[in-house]
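Take a look at these structures.
Look at the two complexes coming up: chain A is in both, with chain B in one and chain C in the other.
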Partner chain A sequence: MTTPSQLTRAADGPGPARARPAGEPARARRRHDRRARLAGFLWLLPALVLVVGVVHVGIVYNAVISTTDWNGIAPTRNPVGLDNYTAILSDDVFLAALRNTAVYAVAVTVLQLGAGLAVAVLVRTQARGRNLLRVLIFVPVVLSPAIIGTTARYLLDQDGALNGLLRAAGLGDLVRPWLADSSFALATLVVITVWQYTGYSFVIYDAAISQVDPATLEAAQIDGAGNLRMFTSVVLPHLRGAHLVLIVLTAISSLKTFDLVMLTTAGGPGTSTELLTLHIYEQTILRFHAGYGAALSLVLVAIALVFAVLQVRLSRLREV
Partner chain B sequence: MRTPHAERRFVAPAAAMVLLCVAACGSGSGDTSGDASDDVRLTMVGWNIAAAEETIAAFEDEHPGVTVEFRPYAYNDYLQALRPALTGNDGPDVFQVQPGGMLTNYEPLAVDLRPHLEESLGAQWQDAYYEAGLEQLAYDDKQAALPGIMSAAGLVYYDQAVLDEAGVEVPTTFDEWETACAAVVATGRQCLAHGAKDAWANIDVFLAVINSDAPGVVYDAIAGDVAWDAPEFVTAATEFVSLFQNGVIAEGAASRAEYPDAFNEFVAGNAAFIALGTWNTAGTMTTEGLALSAEGISGEPSGPFYAAPFPAPQSGNDPTALFGGPDNGWAVSAQSAQPDEAYDLVEFLTHGGGQDVQAELANFPANTEVAISTADVVVPDQVENIEAQQEGLADLVGARQIPYPDLEAALGQALSSIIADPGSIEDALAAVEQVSAGLDR
Partner chain C sequence: MFRHQSTTGRVVSQLLVVVLLLVLMLPLLLVVRESLKGEGWRNYVEVVADTPFVRFFLNSLVIAGSTVAVVTAVAMAAAYGMVVLRAAFGRTSQLAIVAGLALPGMALTVPLFVTVQRLGLFDSPIAVILPLSGLAVPFGVLVARNYLTGIPGEIHEAARLDGAGAWQLFARIVVPLARPIMAVIVIFTFLAAWNEYFLPLLFLQEHSAQVVTQIPGYFQSERHIDLPKVFAANLLISLPIVALYLVFQRQVRAGFLAGAIK
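And then the complex of A and B:
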């Protein structure tokens, strides 16, 4: 049976418990508990101040600004109620950006996870050069998007290296200005992103696969399971947690994509690569509509929140 | 009784909180300069001033006891940094602005310079500057900023070596241009290097087109007196997009930036033309400027380079006159604790010794009494070309910047859409007109 003194010691955390004289008054114990709670709170406070001060207060401030016509500079701002939100519904560029962002996020998530998983499985085989592949696949992750964006502009230009290769391979019909063709520009951005961040998915999957008990695999093999069956029936079920984390993080990361698009297409041609972040930047910084930009930002936060909640819910389901 | 252990439990997190507060608040502890002497320290921010150190040194020599700290930014960073800087307590005394939407929005944070100008330069102070330089940096009756240098678009720069190799002359009409471009492309080069990814580059070309077709009508549209989907605009947009279809602008321009992509192609001799303005003169026609431009390419720069009027879209029409005004201006922050010294700095930059520094670098001075230097031209016959540009600055057809950011963005968006889908001209212009009609002018 657990005694009150044991509970108190448990609250004190690990380490040798201090002996208390028998018959210590209840008031002293309560004071001790209060001190313990206060100390815990004080330890928590710095992180709390930073998170609440920077993130949550920022979101609340943004929400307040979103109900005004503030230009981002003037000392005064007039309340406009929900006008900024109703204006969003008739903003054609926003609707195009929302559609592009959704397509981009889904495509990047699916392809990046698929490619990362494929490479993670490949390096577990006896394929030659697998260790080199481990390194090469991760190198783009550490490169700055500024470098990737600028390089991509040159490589994918009409006279760029990719088209040069296509011509040399006799595939001249495929040659096109990849980032300047409104039918291909968004897909090209997806490919660039997947190329850059597949190494990230690979690392997560590689770590998850390494946690699969070799004895389980051996048992499956003894039972006559082939490679495909072992992958689908043994390995994949162990990767549910990795899938979940990667889907949420990749989707949220896709929602936040800005620099690559800014440096390669600036949202064009037309609105074919306009993403939500770019639209927020244009409205807030270039067009001096801080109130409207704040409303757009909150829409983006709401979308990201859906993914965050999804992650929490699915994590709990998994625990059950 | 509180034990030492218990005290440590409180002290450690409390110390962390104190450190956090110190770290958070320490950077805003204020400027302590000036407390040991009577020296004045000015802060100046901007994105575009050549030879800043030399200029500031000349100012400090002329104004003993005043020191200037210049904080340069990249343009996009500047747009974001200026807002909090000017509305905070530790902002700059002097800041750079661009005519158009930037001036419209930042004007309330600048002091009116007229009283200073009248006191310093006399009642005829306007005569000291190009008219457009002052007009485009004024808001109602307030002179919110003064021009740093002048610039105007409506030109094409061309590479004489490339034209010679292709055996063509400088075109004056679109028809001639298309023919010339066929010859240039046959040499394996681009004809007009153009960064259509940048809205401003497309707008410059569009303004050059419509200012030849119907001089001044675009300014009536900006003022709201003419619709943006009027026939003149449909014609101009059709002519604009024809450049992307008839071989004048190479395929794939929509993902190229004007700087550095198109400019580097031009300087390297991989393109015959580039549609820029007078701000391009220093970087292509002076030895020092060209050496700097060549840092972006491998190998030696091509050339010699010259400027000519942007060809007229319709045969029989004159090419556009120059359009532009102040490339940028300098303003005194309304929050400056030293407005008199800050004004002295602005006057130095825009009328005094700062203008001599800019003229020496072949940037076009805003002070009408200062002539641009042609001492460093690459080849002697560029002198006449440069002097013609300076004369053109006194006779501009209109401004280069649109003072309404929404309208400018809508036009940029429309031109990008038209490039992607030439069949959308009427819809795209109707969208511009919709924005224009909704403006609170």
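And then the complex of A and C:
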């Protein structure tokens, strides 16, 4: 079935079917069109130059440097072919970083979506404080991960404020250096991230739930459906688009994560919280392995490109 | 929606709301307590008076403001060129621009570092503004393009028949109509630039050139870490951005929503 909005959109679209003002010679009109389209290109040129200059040229430069042993400073560099790429495959730190990035991304996505959905439901109950929750849940989203990182680093220290609270509450057994214990560090980073960004998934789910048709809900209620039943059979089916959008966006932001980890664990202890972004930083800036860092960067570019494609496809769906 | 609850349901949801509020507030309370250790409120005075705190703030404002101006202007112009003027090479350009959408800035460490070194741009705000803009433009173009596609073509056509040139059409018709999506681009770009840590870490090494996200590092680079001042500084840095959010709550949330689905 064609909805009215689809009809207007189709009529607005570019194409030869578009109505032309009558009485104008077709050839002059076409020439004018071509000139206007070339002039139009000037309008998008600044954006194109900026993105090509920063992103595309940068990626090509990475590709060139990645076939050398350059240290980033010396005037000379020697070609090494694909050695940097074969080295990646046997780089244990890289493999750990790849695994950690995947674990971090999946854990953050699952918990953040679950928590965001729970909050979106909670603010629709009669519980006191629900409006305060609605406001406060989003505050951490606008804060800088760099600030959250330095704060967390000291609050979660062995002698930090959190352990102080645990001791005072008689939960001394739980006391540990949260970010310096290799079996807890990555999980702690996941929790910090979920704490910061649950407000984001809440906003998306909140909007999606408010689009559920009230008449359908009322009908379900009259039919005697309980809250749980109403949620699973009326609300949940409406949230598919929201899940998809959030999964892609959370994966992208997990892939980009650097500040929080750099300022808390810097990848440690050992390689337990090493991420792809940190590995590139260490190799390029701290160890002067520019050639190898460039090869690692291209791996990150390839992964990011997959998610860019997904995000563009989702933006075409235009629904939550 | 879930107004009619059983007693158990009511108790459980009330408990969850209380726990969530506690989890959200607890870090803030702990930070306030830690920041007052030692010299109490004097910690705050000293952070502002005895460090280049104000300078860091102004630098952040300059960088975030410039990035917002550049990104909003070029993204709107590009979307206008693609959608309304149906620019030549529009499809190709759009593909090239949007390809940078999910790219972490980290992947450009080597080329950016080499460029800044060659051009002697260390400690210049441009070393941060240009890469930040290049990385933010793809999102701006994507949402602006999608928004302009949704505006009926008759509006532009009517203005054009009235004799409006390309520039007038942009300034008088398209920009006013596109205000909501421009707000989205401004909010996103400002937050990204204000909160950016990696690029300043690489390129801004003189204290006189540094930005707010580097303030905690400033206290750690001294011989000993002055913890209460780190916490006081972190609170002071976060206050303006939280205040801005509280004032523009609706716009910020609408912005994040539109940013996700447009």
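Just so it is clear, the second predicted complex is superposed on the first by the 276 of 320 C-alpha atoms of A that agree within 3 Å, B and C clash if a C-alpha of one lies under 4 Å from a C-alpha of the other, contacts with A are read in each partner's own complex, and residues count from 1 in each chain.
Quick note on the criterion: a residue touches a chain if its C-beta (ideal position, glycine included) is under 8 Å from a C-beta of that chain, and two chains touch if they have at least 3 such contacts.
For clarity, every value in this text was computed on a predicted model and none was experimentally measured.
Trainee: Once chain A from each complex is brought into register, does chain C clash with chain B or fit beside it?
Mentor: clash
Trainee: Quick one: classify A:Ile285 as touching chain B (first), chain C (second), both or neither.
Mentor: In the superposition, A:Ile285 contacts both chain B and chain C.
Trainee: Can A:Arg167 be said to touch chain B (first), chain C (second), both, or neither?
Mentor: neither
Trainee: Touch test for A:Ala74: chain B only (first), chain C only (second), both, or neither?
Mentor: Touch partner of A:Ala74: chain B, not chain C.
Trainee: Is A:Leu155 in contact with chain B, with chain C, with both, or with neither (first, second, both, neither)?
Mentor: So A:Leu155 only meets chain C here.
Trainee: Check the residue A:Pro177 against both partner chains and state whether it touches chain B (first), chain C (second), both, or neither.
Mentor: first
Trainee: State whether A:Ala39 touches chain B only (first), chain C only (second), both chains, or neither.
Mentor: In the superposition, A:Ala39 contacts both chain B and chain C.
Trainee: Between chain B (first) and chain C (second), which, if any, makes contact with A:Ile252: first, second, both or neither?
Mentor: In the superposition, A:Ile252 contacts chain C only.
Trainee: Of chain B and chain C, which one touches more of chain A's residues?
Mentor: Per-residue touch count on chain A favours C.
Trainee: Given 8-16, 26-34, 170-178 or 224-232, which one is the stretch of chain C whose C-alpha atoms run into chain B?
Mentor: 224-232
Trainee: Please identify the positions on chain A that touch both chain B and chain C, taking each partner from its own complex.
Mentor: 38-39, 42-43, 46, 50, 72, 154, 285
Trainee: Please output the residues of chain A touching chain B within their complex, sorted ascending.
Mentor: Within the complex, chain A touches chain B at residues 35, 38-39, 42-43, 45-46, 49-50, 71-75, 92-93, 153-154, 156-159, 177-182, 185, 264-272, 282, 285-288.
Trainee: Which part of chain A faces chain C closely enough to touch in the complex?
Mentor: Residues 8-9, 12-14, 18, 21, 34, 36-44, 46-48, 50-59, 61-62, 65, 72, 118-119, 121-122, 124-130, 132-133, 135-147, 150-152, 154-155, 161-162, 165, 195, 200, 203-204, 207, 209, 212, 217, 221, 227, 230-231, 235, 241, 245-246, 249, 252, 255-256, 258-259, 262-263, 276-277, 280-281, 284-285, 290, 293-294, 297-298, 300-301, 304-305, 307-308, 311-312, 315, 318-320.
Trainee: Inside the complex, what are the residues of chain C that reach chain A?
Mentor: The touching residues are 1-5, 9-10, 13-14, 16-18, 20-21, 23-25, 27, 30-31, 33-34, 70, 73-75, 77-78, 80-82, 84-90, 93, 96-114, 130-131, 133-135, 137-138, 140-143, 146, 150, 152-154, 161, 166, 170, 191, 194-195, 197-198, 202, 212-213, 216-217, 227, 230-231, 234, 237-238, 241-242, 244-246, 249, 252-253, 256-257, 260-262.
Trainee: Per the contact definition, I'd like the list of chain B residues that touch chain A in the complex.
Mentor: Within the complex, chain B touches chain A at residues 6, 9-10, 12-14, 16-17, 20, 76, 79-80, 83, 86-87, 101, 105-106, 108-109, 196-199, 250-257, 261, 405-406, 409, 413, 416-417, 419-421, 424, 431.
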